[in-house]
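One structure is given here, and the rest of the page talks about it.
Going in written order, the chains are labelled A, B, C and D, and every chain counts its residues from 1.
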Amino acid sequence: MTSKSIKRQVFEVLEKGQGNDYWSRRFDIFIMTMILLNVAAVIMETVESIHDGYIEVFDYFEYLSVFVFSIEYVGRVWTCTYLENYKHPFWGRIKFIFSFMAIIDLLAIMPFYLPLFFSIDGRVLRVLRLFRIIRIFKMGRYSTAFNMIVRVITKRREELLVTLTIVFVMLILASSLMYYVENEAQPEAFRSIPETMWWGVATLTTVGYGDVYPITPLGKLLGAFIAILGVGIFALPAGIIASGFDSEIKQRIKEKEEKEF
Amino acid sequence: MTSKSIKRQVFEVLEKGQGNDYWSRRFDIFIMTMILLNVAAVIMETVESIHDGYIEVFDYFEYLSVFVFSIEYVGRVWTCTYLENYKHPFWGRIKFIFSFMAIIDLLAIMPFYLPLFFSIDGRVLRVLRLFRIIRIFKMGRYSTAFNMIVRVITKRREELLVTLTIVFVMLILASSLMYYVENEAQPEAFRSIPETMWWGVATLTTVGYGDVYPITPLGKLLGAFIAILGVGIFALPAGIIASGFDSEIKQRIKEKEEKEF
Amino acid sequence: MTSKSIKRQVFEVLEKGQGNDYWSRRFDIFIMTMILLNVAAVIMETVESIHDGYIEVFDYFEYLSVFVFSIEYVGRVWTCTYLENYKHPFWGRIKFIFSFMAIIDLLAIMPFYLPLFFSIDGRVLRVLRLFRIIRIFKMGRYSTAFNMIVRVITKRREELLVTLTIVFVMLILASSLMYYVENEAQPEAFRSIPETMWWGVATLTTVGYGDVYPITPLGKLLGAFIAILGVGIFALPAGIIASGFDSEIKQRIKEKEEKEF
Amino acid sequence: MTSKSIKRQVFEVLEKGQGNDYWSRRFDIFIMTMILLNVAAVIMETVESIHDGYIEVFDYFEYLSVFVFSIEYVGRVWTCTYLENYKHPFWGRIKFIFSFMAIIDLLAIMPFYLPLFFSIDGRVLRVLRLFRIIRIFKMGRYSTAFNMIVRVITKRREELLVTLTIVFVMLILASSLMYYVENEAQPEAFRSIPETMWWGVATLTTVGYGDVYPITPLGKLLGAFIAILGVGIFALPAGIIASGFDSEIKQRIKEKEEKEF
């Protein structure tokens, strides 16, 4: 068996399995499980009682995960030359390293290696530990859900920008007006326009925590108008994502049906 | 009149009446009324004043209900062999017993029989009493609403899974970020990522009880972005159910119109 | 001029003006103004400072309104025989009196006449005064908005019933489960299933006042699941009304365009 | 170079650049930047610490902005005669001055000039400073988002009016009923129908701050019904704006595709 054939085999195992490749599919399931367990670990670690009771388990699992993800990363960089886009042994690999998924792969193992090479203080270390949550994005290679949401956002980019602009202008206007009306009565909660925006977002998204709300009659009147008119405006981006998602799904169904025939 | 003809009659009465079968329809209405009264009883029993005042009425009604539902269950198991799917006298009946609606029928009477055969402590008994609320699902045989929602969820299974995955990933990311930002300022409410998820669900579904919300400027900025962007994502499953429901209704109308011609 | 021609004239003035009938349109505008002023009066009267300052104005305006609406009512009953549906001098009028809009017309003036014929205590009197808000429905004759919402609800009757059933079942299940989980920790707020339904409605409609919410870990987990899944279910009736409204509007536009050609 | 050619040049620079006119596009970007910086300045000025630290920067920036916007305004009035609609040297300019965008342009600089000509007390001065937020509307000339929302609202004017009427009637009815039911138990929060409307808006838009909510059993029952039924009604205007936006976007995409061929 030549060296090239090993590289080829590694490449095929790393790539998403096509259904008939036993080892490749096994590997996909293994990586997926590792990712999910990692996300669970990051979440669970923040629960004090669990963290304190199983600190060693978490540590060993982290070593194992970084080991696996590091090998996976090296393997991908090594074998990426089989892909049409990254053919060139040197420039192809550089290009690959700066591709979106490869950056995610690198960022996913970074929090482990950085403290080995640089002296990092405790606070930053804590951020780094939490930063491991980025490993969730490694699922992007395997999950339809990830691909779909990325495609919808890419396709509807323009509409989303337009509606988000409207949302932002609406928020500025509503908050400026409310700031002026309520500032005197509640100098704490409506201290400035940026702080009034907290009220604005809570109201226009209809979350309405209830930590800030107008108390003057004029403020309530203004707040009522803003709520009635603004809720519709704030629903626009949601509507665009939903409709984009809908047509994406319909297209997938159509493609599936065409394959079946 | 032979034994078989009695079995046939029982079968036809138990089956949903087809409009021209007087006794079968009467029986349907009787069972529906029993189910509705049972649901009402479970709900009303939890109101202390009603419970204390009518404790005997509730008990006798429970005996009557279990009696009726038990006969119904036995009848259904006995006569299920008339159905194409459950023809075989033994294996057909076994298969029938493990069908969804038959399990519901059994679970609906279980809470009464279990304490007769096993010694059960008070706390579990209370759960069992409440468990009778499962009788509401017996309505599934008669109600269009039940059938429709089941059909919509079955048909849109995949899309619902995809969007629920996105919702869950969104929730994890939002809660992880917010946990890191707010944990120091509010160690009680944002004690861990799982606990921060309570804030995440309340915000992203726009319920916004107001028991937890960010108080630091950075937390508010993050919360505002999460609310504006996340609400659209969380609206996806609702949109899929709504659109599935819509097309289900349109199909029903079309079928009705075709029948009329 | 014969008596019949006066009746005819009264009938035409009372009927909604067709654009070229000067007096009929004037009368429509007059009645509309009276209705709007009446609604404003009922609302304003509840503000103590306004009520105390203008008590006589409100009283005189009420006399005037009842006078006008009484004449209108008598006129409509008198002339209804011109309508195809209410031809018969006696039975036609009886039928007319029990038509929806005529009942509204009668209920709108009742609160004034009842205390003249029956001795009514203070509390009931107050209800009667507020009951005048029903005059808002008299707008139904003139307002497109009223007609449209009535038509949408009538047309989508079945779908609304189906979805409202689902909403109700969902509410019962969510509240029963939450009652069992939270009852011990918060015996006040989750005292019984009916009281837990207050939490259920606030959560599933996403209003989320924040007066009741689960505090136990299990209650929060259950609440999160209910919120994520239930919000979609509770959005169903809204979606049906919205889509019904949409098609109603499209039809109206089409009809308009056809008229123009 | 004749005077007319300068006027022509000024006109072309002021008009929105068509892609190949270098100076015109530069000028557009310059004005857009000025507008955005102005909006940011108005917002930032309200933050005390920023205001106190950079008071002179804000003042100088205001002088510069008014200078630029004044020249822009004079230039537009001077050169508007090139536009078909405002040809006449005198009446055309008068007509232009009263056009929507020109009024915005004037209002945008007014807050600076008014105090120079009239003696204005401190409170009004503060309103005037905040009034500069109106400069955000100057973006209307350049932003697709602004044009789109204006077009959607103009096109769906009628539907919006119809649904807003329904929303308003719903609000009046819900608040009148709730006022009557809760007034006795909570005379503060439900003091009058107009004050109860604050509860009505918070509930029906599902904002639900939680500052007011019914506490009597009857009030809760009524509140639950209003929430379940009313939320659908209040979603109507949002639905119309969303669907109007959707068709506007589809039309734009179609127009683009047609241009490309």
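As a convention for this text, contacts are C-beta pairs under 8 Å (C-beta built on N, C-alpha and C of every residue); 3 or more make two chains touch, one makes a residue touch a chain.
Computed from a predicted structure; not experimentally measured.
For the copy pair chain A and chain B, the superposing rotation over Cα atoms measures out at 90 degrees to the nearest 5. Residues touching across the chain C-chain D interface largely differ between the two copies, under half of the numbers being common to both. Averaged C-alpha coordinates give centres for chain B and chain C that are 33 Å from one another. Residues of chain D found to touch two or more other chains are 202, 206-210, 239-240. On the chain D side of its complex with chain B, the touching residues are 206-210. By the touch criterion given at the top, residues 39, 42-44, 46-48, 126-127, 130, 133, 136, 139, 143-146, 148-149, 164, 167, 197-198, 201-202, 205-211, 234, 237-242, 245-246, 249 of chain D touch chain A in their complex.
Chain D contributes residues 159, 161-163, 165-166, 169, 172-173, 176, 179-180, 191-195, 202-203, 206-210, 213, 220, 223-224, 227-229, 231-233, 235-236, 239-240, 243 to its touches with chain C in the complex.
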